[in-house]
Amino acid sequence: MKSILFAADATPLQIAAVRRALTNAGAASVSMLNGARSVMLIGDPAGEIHLEEYRAMPGVEDVMQQEEKNVHVSGDRPPMDLTSGIEGMTMIAGPCGIESEEQVAVIFAHLAKEGLRFVRGGAYKPRTSPHDFQGARRAGLEMASEIARDYGLQLVSEAVDPRDIELMARYVSVLQIGTRSMQNFALLKEAGASGLPVLLKRGMSATVEEWIGAAEHALVAGAATVIFCERGIRTFESITRNTLDILGAAALKEKTQLPVIIDPSHAAGRRSLVIQGGLAGVAAGLDGLLVEVHHDPASARSDASQALTLDDFSRLMELSRAVRAALREAPVAVR
Amino acid sequence: MKSILFAADATPLQIAAVRRALTNAGAASVSMLNGARSVMLIGDPAGEIHLEEYRAMPGVEDVMQQEEKNVHVSGDRPPMDLTSGIEGMTMIAGPCGIESEEQVAVIFAHLAKEGLRFVRGGAYKPRTSPHDFQGARRAGLEMASEIARDYGLQLVSEAVDPRDIELMARYVSVLQIGTRSMQNFALLKEAGASGLPVLLKRGMSATVEEWIGAAEHALVAGAATVIFCERGIRTFESITRNTLDILGAAALKEKTQLPVIIDPSHAAGRRSLVIQGGLAGVAAGLDGLLVEVHHDPASARSDASQALTLDDFSRLMELSRAVRAALREAPVAVR
Amino acid sequence: MKSILFAADATPLQIAAVRRALTNAGAASVSMLNGARSVMLIGDPAGEIHLEEYRAMPGVEDVMQQEEKNVHVSGDRPPMDLTSGIEGMTMIAGPCGIESEEQVAVIFAHLAKEGLRFVRGGAYKPRTSPHDFQGARRAGLEMASEIARDYGLQLVSEAVDPRDIELMARYVSVLQIGTRSMQNFALLKEAGASGLPVLLKRGMSATVEEWIGAAEHALVAGAATVIFCERGIRTFESITRNTLDILGAAALKEKTQLPVIIDPSHAAGRRSLVIQGGLAGVAAGLDGLLVEVHHDPASARSDASQALTLDDFSRLMELSRAVRAALREAPVAVR
Amino acid sequence: MKSILFAADATPLQIAAVRRALTNAGAASVSMLNGARSVMLIGDPAGEIHLEEYRAMPGVEDVMQQEEKNVHVSGDRPPMDLTSGIEGMTMIAGPCGIESEEQVAVIFAHLAKEGLRFVRGGAYKPRTSPHDFQGARRAGLEMASEIARDYGLQLVSEAVDPRDIELMARYVSVLQIGTRSMQNFALLKEAGASGLPVLLKRGMSATVEEWIGAAEHALVAGAATVIFCERGIRTFESITRNTLDILGAAALKEKTQLPVIIDPSHAAGRRSLVIQGGLAGVAAGLDGLLVEVHHDPASARSDASQALTLDDFSRLMELSRAVRAALREAPVAVR
């Protein structure tokens, strides 16, 4: 990718002039702060932008064929260890919503026994009114994060409002951005600014390119890393809740070294298909799974029909390990 | 629609118990504050919920077959006068983004001459980094709203962050919620709480049902009204930027008395089709148009290819009036 | 478009060699007979094929930047008069299926009174087994075409099997190709070879480009003309039966001089929206409508819920005329 | 499923009367010949059809809650042995198109060495004009089937025209119906009447329910069996050629005992993702793969970019065996 680095004292007008020139030349651009200086990332589909022509413009300090490595999805940032449950993979599980101490404790205990490091549990959820969460929000997070700590687990939870991030960052280790928020740039910016890793679900009708753009927002703002999570896209087919785009996720892996995992629960929409979806993702070489698990799905307040039981989850872990091992031990690795 | 009104002193646990009972009976529900009391709206697709069975539960004050009239999309709230440009219609136009005093003044002057009451202009835009708008945001709104006032116009502008609403409400008459924010519930709530009318664009892959749900959030929070705006949905076809779903918008009108308008600019993605799309919407009996207009599209910073020129816009107004008149004068009215 | 004309005595091997060279150069090609000679149409998205380099290859007679005018969608063939019902428009109506003499006579009489020249009625229908049509097929066509003749009307009917075309050509004036058959190339070829005009419905998930390609097949085979008919595409939204892509149809008109009409009946899927969809199409400048009409919809064997009554249809005609006149009389014409 | 069996001497009028009654009661129905007698399959979404009420109607011989077992997708017909390449699986591979003896021989030899029983190769292809295939059609099939026989292989090839089936049946062991033909009922009927197994690709925008309906047509006409083949559906996402709907295929397996395989080649559209897609299908418990293989992809006339090399294919087979074995040996089987 091409980018332009501006001097620390470049003025908005100078930056705007560069952008105007790029636009006239047929390129798209997005600028962002990198420390005190602005960086402008250039989308150049036709490949016709000659960077050197911009070097002499007022305010420009440098032009780069490859943008600053540490701010972009496609860069090779030092990998963050996100191993959870299976060597080299990031398995994350937990209930859809945090409901009670008993629920959280029973589920987290089981997940800890399965070797997980990250567990999920929603405290702030889209689609429901503020009233519903007066009890569950902060109190839920506090409770769940304590139980997680007791089991040596780290909590992943979804943020829906930029004003909640500061509070959430006290309790969670990974901030989840949900499918409806993938292009909520105010939220992405705050989440990134927390410095935590961001688990970024794909928007239900987002292209892979848009998904990358959203991740870029969080990374630029300071996110430690981004974990991409495919959770099914919206299509004409309704036999599953969403259409799990495994090859889209695999195609994303060709463009980034950041981890790409899948959420078979929301794609399948029903228990019977979750394991198959999860194993398909493992076999396709993706980096992990995010699954909804409940000790008593029938009593779950939300997404009851798609939550795995604790036994189901153990089976999924066992089969995932077997598939992963089979691919590793095969004489030729998956490319 | 069915709803349950809780007593002012109903506890969260009592409310949760009612919800649990509804869920067990196969119904979906959403609760919200209506003044000091909670109201639970019940989705009952199978039509099997017998409200009287819930009346006796602790915390319940009343059960209603028809929810509180003034909070819901399908209710018959007293219509708000939103006439702009054409009698009985809401025509809204303006530049994609507020760029300069000259730009705003030239365009608004032309729109005033065409008889419009509402004009649009973006100051806070999704997809762009904070850096880009340091100048344009508040200053842009202030400037544009002053020019609008000079011409007797009212400003419509998009909000993207709940923390901006309070400020925006000083300058704008209608808060626009963009397609990427349709399910940003924190934003909808703040926008509604401002008491202003909310122009709610359809999410690019939102069903009409989800769109109604989003409007409900804004109305419950206090929005004066909601203007639905169809702007094209995402499909496999890319010959237009989005697929303008005129019949989907017409179908929505069968479910609500609130105004439903269309934005042919974002659907078409190019100037040559905007007028056709707009006229199609007028002929289909929709309530108005939202179009991008620029006095010099070639120099527009964003969406240049889809902005109508001032002359184009006058032509669209003239033809829209002609179509509207033709349908009115025809012996049998459109239903 | 680029094309290569082969000599009458060019051998298959020579033609294959040219194709191979084109493929290696990154182009797609399709060859077809034009009289005794082969013509190869070249898809050259990157614009890098230099035709002159192919002129010297064995078997090549000529290279053309613009393909033979009389075989292609984008050519300016002498327009065929397809006026029906409204001056300058092609209004076609009739029952979904031919059911009885009484049904056909009552409906056709009404349509004749409305000034239509073309009427529709299905005798061979997709989705049903051979058994169902033992009675309706040929006998139905014969009966309906006789009644049509009595009223000075011409019959439009759908073909589903290439082996039926010869028989159908005795009774119908326009061969309809349905949405499920849009890429049934064997059928398109036989339909084209009949020399009749072909009414080509858009495949329910066909891009406009694929639709043009299908028309090309019929035209190359000899079709008098092709009438494109947009009938709604398949999307995630199910509030209407299909999503009527009016702007897609308008975009097609930018690429062809052939008529483009719309079928609001199959898009809407229910009576209440058919008129709105039809008027939207008229206002968008499309060339006509294809609508399902029944004198007693409740008794219709198929598509009962979307058929207009005779009165509804008269209202649609009246309003369509009014909209058309309004756009004509407006000082500036729709482009 | 509910069905009605008619007497051998039932008249069309009697059958039509039953259908009318069903329609009035809100049911959809499709009738077909089963030997000399008609069977009417009833779609009864609301579950309100009481079969006994129809028993007494003239022409009705019997009413059945479960339709004739041997004609329907959901029945438990005696399984046909379709093992190819991997125990319990149906692995099918071969070039997109039959091009030359050398090509076919080299590829088939390799596939035979990998233990395959079924090989593919196209002789009649959609999208290309008759001219292109004058040489390849019958001659290609004859040649490829002879080479296949030399290696103990059976040929799978696509039919596009009902008039070709009789000829094709002399050379192929399995008739493939392509994605554009899934609802070409004339073709399905002829293919079924051949008595051969039919490999039925899913239409690119077909729901699983429509796919089942298409299979039913072939089975009713006499197909030995139907092999369902998921090959990617059309969505808004274009990073892969189509969106491989693995969970849709898995959901189909919950409704039928017939084999369901996947074609990762057409979904991926490029070599680098084919193996991942194939392994995902195997891990999801599907019954096999259909992949495009070429000994020299760069020279392939069609689909060059998505064909696996011979080595790639061996790797895919090895990894598929490993995944299959891993899932079998795991203590708990995939359900």
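Letters A, B, C and D mark the chains as written, and numbering starts fresh at 1 in each.
Simple rule for what comes next: a residue touches a chain if its C-beta (ideal position, glycine included) is under 8 Å from a C-beta of that chain, and two chains touch if they have at least 3 such contacts.
As the structure is a computational prediction, the values presented were derived from the model and not from experiment.
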Reference chain A; chain at largest CA-centroid distance: C
For chain B placed onto chain C, the superposition rotation in degrees, Cα atoms, nearest 5: 180
A-D or A-C, whichever has more C-beta pairs in contact: A-D
Between chain A and chain D, centroid-to-centroid distance (C-alpha), Å: 37
Rounded Å distance, chain A centre to chain B centre (Cα mean): 30
Whole-Å gap separating chain A and chain C, where each centre is the average of the chain's CA atoms: 46
Sequence positions of chain D contacting 2 or more other chains: 205, 234-236
Parts of chain C lying in touch with chain D, wherever the complex brings them together: 12, 15, 19-20, 23, 30-33, 38, 126-132, 134-135, 160-163, 180-181, 183-186, 189, 204-205, 213, 217, 220, 234, 301
Chain A contact footprint on chain D (complex, rising order): 205, 207-209, 233, 235-240, 243-248, 250-252, 254, 264, 267-268, 272-273, 275-277, 279-285, 315, 318-319, 322-323, 325-327, 329-332, 334-335
Parts of chain C lying in touch with chain A, wherever the complex brings them together: 205, 234-236
